[in-house]
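Given below, in the form of structure tokens, are the structures.
After this come two complexes, each holding chain A, first together with chain B and then together with chain C.
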Partner chain A sequence: MNGLRWYLLRRLVLLLFVTAAVLTILFVMFKLLPGNPLSVFIDSNFSEEMIRRQKQLWGLDAPLWLQYVRYMWNMLTFSFGTSFFQMTPVRDIVIEKLLHTAAMIVPAVVLSVVLGALLGSWLGWRRGSRQEGAVVVGLLALRSVPSFFVGIIVLMVFSYNLGWFPPGGMVSIGGQGDSFLETILSLDFLHHLILPCLVLMTREITSPALLLRSTMLEVKGSDFLDILRAKGLPERRIVMHATRNALLPLVTDVAVMMGFLFQGQVLLEIIFAWPGVGRELVAALNDLDYPVAQACFFVMALIILLFNFVADVLYAFIDPRVALS
Partner chain B sequence: MTSAHPVAERGGTAGRGIFSRVAHALRVIVRYPTGAIGLFLLALFVIVALIGPLIAPYGPFDVVRTPQGGVARLVPPGSVALLGTTNQGSDVLSQLLYGTRVALLVGVIAAVGSVVLGTMIGLVSGYAGGKVDEAIMRFTDVAFGIPFLPFALIVISVAGASLPLVILLVTLFLWRTTSRVIRAQVLTLKTRPFVWAARAAGASESRILFVHIAPNVLPLSFLYMAIGVQGGVMLEAALSFLGFGDPNVMSWGGMLNQSFRAGAMRSAWWWVIPPGVALSLFVISVFMVTRAYEELLNPRMREA
Partner chain C sequence: MGVLELRDLCIEYSLGDGAALAVDKVSLAIGEGEYLGLVGESGCGKSTIAKAILGILPRNGRVRSGEILYRGRDMVGLSVAEMNRLRWQEIALIPQSAMNGFDPVYTVQQQIAEAIDAHVDWPATRKRERIDEMFALVGLERSRLADYPHQFSGGMRQRAMIAMAMVLNPDVVVADEPTTGLDVIVQDQILYRIKQIHTQLKKTMLLITHDMAVVAENCDRIAVMYAGKLVEHGAHDVFERPFHPYTMGLCNAFPDPGDESRELVSIPGAPPPLRAMPPGCRFAERCPFATDLCRREEPALSSVGDGHAAACHYIARAAEFRQRARLAETWQAGAEAA
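Take a look at the complex of A and B:
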């Protein structure tokens, strides 16, 4: 247990270190790169005095180290300031967009994992057959097609040509519920969700399927299956027993996948006009709304780091050998 | 790692053997049907990238005229333009041909750059061990903590879009995986007997690293270079699609961006499908080649 505790502590320190480093890079980026965020806000009609006062307001007259300390404090306490253009607290904007993104990702991940696991256990069981080889290559090839092009094709076919699904957005105009929960529980939302969810799944189903296929092979050789077989259980029941044992490594895979998707879905959010955090980042950059862009970037990075941390921790619990090495 | 030992035993001749080893790898890849098809497609892409601008009927931004002299806007594929025209009256086929060069340029430069960087970092980190290794690995952890696409979008929006910047950003994204894989490989290699033998014979540390160990990780580096070309092309397309590519060149992603914004999904399929198909076909052909090459490197995959 001591080794496990030590391992968790190390991982936690690493998480804090990397978060601080990423924040510092973000700070340096905005300070050093050519192009001045202030110039977006400040009109050429501003007098020297107005510019000075604006700088003071934003703390830009302070020495660099003090700006850095304030910036780190603000970021870590999620005080992102006010949007240049929407004039609302950035925190509120980001939280809302994050929920929207999650509303697309979570169902896609859950479905990918469930269907991927089923497919993978079937593949592992049918190891060496012709179907198995074809499905594996098909999955890998499908994953290598850029998902934003898949999204475009799907939209062209099912939305513009067949008219089965809306051409984007999260709900119809006026379809917004009173609360977030009410919105995502509506049929209208489901109707909008299906296409982007399917496109995400074409990518994300591969890794659980392949993972389960290989773990299944290990489990397949173990003794307890022979005992079940000797008991006379039908093959179908034996596959179920084997699958349950092969599921554990999947847990960490899901955590990594979730984290990655929070940044990877930017393109899909643009194509499906999904009002998520990635689309907000692109919009903020186009509007030069730097406080919003900074916050979007930070929460995306933070989510990836947190999910990776969770994956490491879960892995240590599932396979204690990791913590000891 | 079938070729590990012969190379190591020949020691300093590793540099000379590179071409024959590449030729050997190509022969093995061609033996797999997928590898042969992939290689054929890739060769086509390379040829188009080289001579595309020569055979393109127009420049990427030229305006095509109808026989009556008007601007040929959104003309479907036919006699005016083989693959139709855009809403600005540009020739889709010409943009596609020019775009191939842009894609390969970004992919190849970024892949080579990132693999050189990643291999060097992985070699030093794995071989040095101790504090150096620890420092480099934490640095890699930080690099892995940065979400690439958002990061690239911010840098480009602040510094201005240009092709060299895109290449630089893609390189900075791709080296991370290479360095981790190479480091892991070096960790196992440095405990092999041929390394002890070299040390016992009085070889210096840098000689052991660059003459004895490095040639043995090169096959892996090549694999990651191929994967890197694929990644580079995809990332450039993604950035351009989001409108953050170099506005002065026309890439596949840039074509998709313009057709997407012009609503061509609704009305002009010939403007949307070609760049998307070219991109997908390129990515899949690299995938087919790397898969065959991986089986060459890892015989266990073959019997699996």
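Take a look at the complex of A and C:
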């Protein structure tokens, strides 16, 4: 168990280190960004004195190292400041948008993983058959098509032509519930969710399906399955052993998938006018809303890192070989 | 009657476009408390027999005809549930690949306990005691019980495998090349453990190996297989007075600690492919003594002594063959003539 503790500690230190690195890169990136972060507040008629006072107000007159230290401290304590335009704390905006994004991603990932895993084990089972070949080719094709393309086609057909689904948004106008929970439990939300969720799934289902197909094939050839049979174990116990072994790589895959989805679906959020964190980031960049853009960047990076960390930790728990090597 | 008996056993593997007969009409009996060694080259069907006995042939393999009798009861065609009652409790397996014989994500203890749970309903303390006892039997420390298989060395894993095989006190133990992939010293230790189980616990054992020396050292009786056929079987007599040229070849291919002057002879060539078996004797192609008769007609097993039988047309000339088979030239010449 000592090995496991060390492993976790090492992972945790690595997580902190990488987070600091990401923050530093972000700091440099925003410094290099063309334009003045205060252009929103500084009118061309401002006098030198007024400009200086504005800079002082935002702390931009401090030496660079001090700005960096303050920035790091604020980011790490999640004090993101106030939005230039919405005049609300950035933290509230980011949390709200993250929840919206999660409301689309979580159901899509859960469905993709369950269906993909089932499909994958079926493919592993039917290995070499004509159906298997066809499905694998289909999956590879789905994987290669950009989701914004699929998104536009789907919108065109099911929304504009057939009119079965709303063209975008998370709820109808005025359909917002009193709380986030109330919103996502409404039928109206479900109606809005189906199209983007399906588009997301067409892509996300391919990874668990292809992964499970290959791990299932690998596990099926394992000698230990023969021994389990020879031990006289009932079939379901044997299947349990096989599945547990085949699922190992999937756990990591799912965690990593979740992380990347939070940032990878910016385009999808724009196409479906989904008020998520990706769309917020793009809007903030367009409006030069520095605090919001910074926070969105940071939170998305942090989510990827956290899910990677979770993947590592989970893997150590389900595969005892990892923690010790 | 034997504890375990094979009668005219034929096992085939279906391949994409046909079937290959891996075991062809093998009849063999293992008596109560006997230690039988089954030898042959890779691919001769010996491991297939082990798998068939435990009913774990791969998906494309099946017993085409014949019987596998355990205490007079045919196990071929038993339902999975009926088979599961016999497995491990009556017949246990020490597999070829202890390396991969354990599921990597469960501890050794869990996997041994699982074998117990599948058959008997013991309270936890009794299970624990029994597993401890088995670990002591094979010389493993109790503190290693909660370890995962990858934390064991190859030899330890194989010993844990033996512990697992013995945990339900089975009547018959099938050891399928139990020392593959282990270094020589560990091989010796493992074989010693297995021998100990045979002598102390009076188990009926079937040892499958390609190593004549191992059989000579450990087993009461020997059966030699070649290309899916049983070519010779008998007691220790088989080593001293082999009647089948293949057995002679095998005996000369392994060093004899008692006679260091003897030169080691190898048998040139390879067994015929399973899917293109020649008519006549299957060894004819590599046999330096083969005649037209051998290539035309298949020899039947015939008795050459007390419980000793060989399948060769020329058992009458065995004494002469034995002399010639000691010389490498004989085999070399045979290979060139072919």
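In the analysis below, the second predicted complex is superposed on the first by the 293 of 325 C-alpha atoms of A that agree within 3 Å, B and C clash if a C-alpha of one lies under 4 Å from a C-alpha of the other, contacts with A are read in each partner's own complex, and residues count from 1 in each chain.
Here is the rule we use: a contact is a pair of C-beta atoms (placed from the backbone, for glycine too) under 8 Å apart; a residue touches a chain by one contact, two chains touch by 3 or more.
None of these values were measured; they are calculated from a predicted model.
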Which holds for A:91: it touches chain B only (first), chain C only (second), both, or neither? neither
Tell me which partner A:191 touches in the superposition: chain B (first), chain C (second), both or neither. neither
Considering only touches as defined above, state whether A:278 meets chain B (first), chain C (second), both or neither. first
So, does A:293 touch the first partner chain B, the second partner chain C, both, or neither? first
Is A:301 touching anything from chain B or chain C once the two structures are fitted on A? First, second, both or neither. first
What is the contact status of A:126 with respect to chain B (first) and chain C (second): first, second, both, or neither? neither
Greater chain A contact set [chain C / chain B]: B
So in the superposed three-chain picture, is A:55 touching just chain B, just chain C, both, or none of them (first/second/both/neither)? neither
Touch check for A:19: first (chain B), second (chain C), both, or neither? first
Mind listing the chain C positions that touch chain A in their complex? 51, 54-56, 80, 83-89, 92-93, 95-97, 99-107, 114-115, 118-119, 148, 150-151, 164
What does chain B use to touch chain A in their complex? 34, 138, 141-142, 145-151, 153-155, 157-160, 230, 234, 237-238, 241-243, 256, 260, 265-266, 269, 272, 276, 279-280, 283-284, 286-287, 291
Residues on chain A engaged by chain C in the complex (per definition of touch): 222-224, 226-235, 237, 241, 244-245, 248, 318-321, 324
Interfacial residue positions of chain A with respect to chain B in the complex: 14, 17-19, 21-22, 25-26, 29-30, 33-35, 137, 140-141, 144-146, 148-149, 152-153, 155-156, 160, 262-264, 266-267, 270-271, 278, 281-282, 285-286, 288, 293, 296-297, 300-301, 304-305
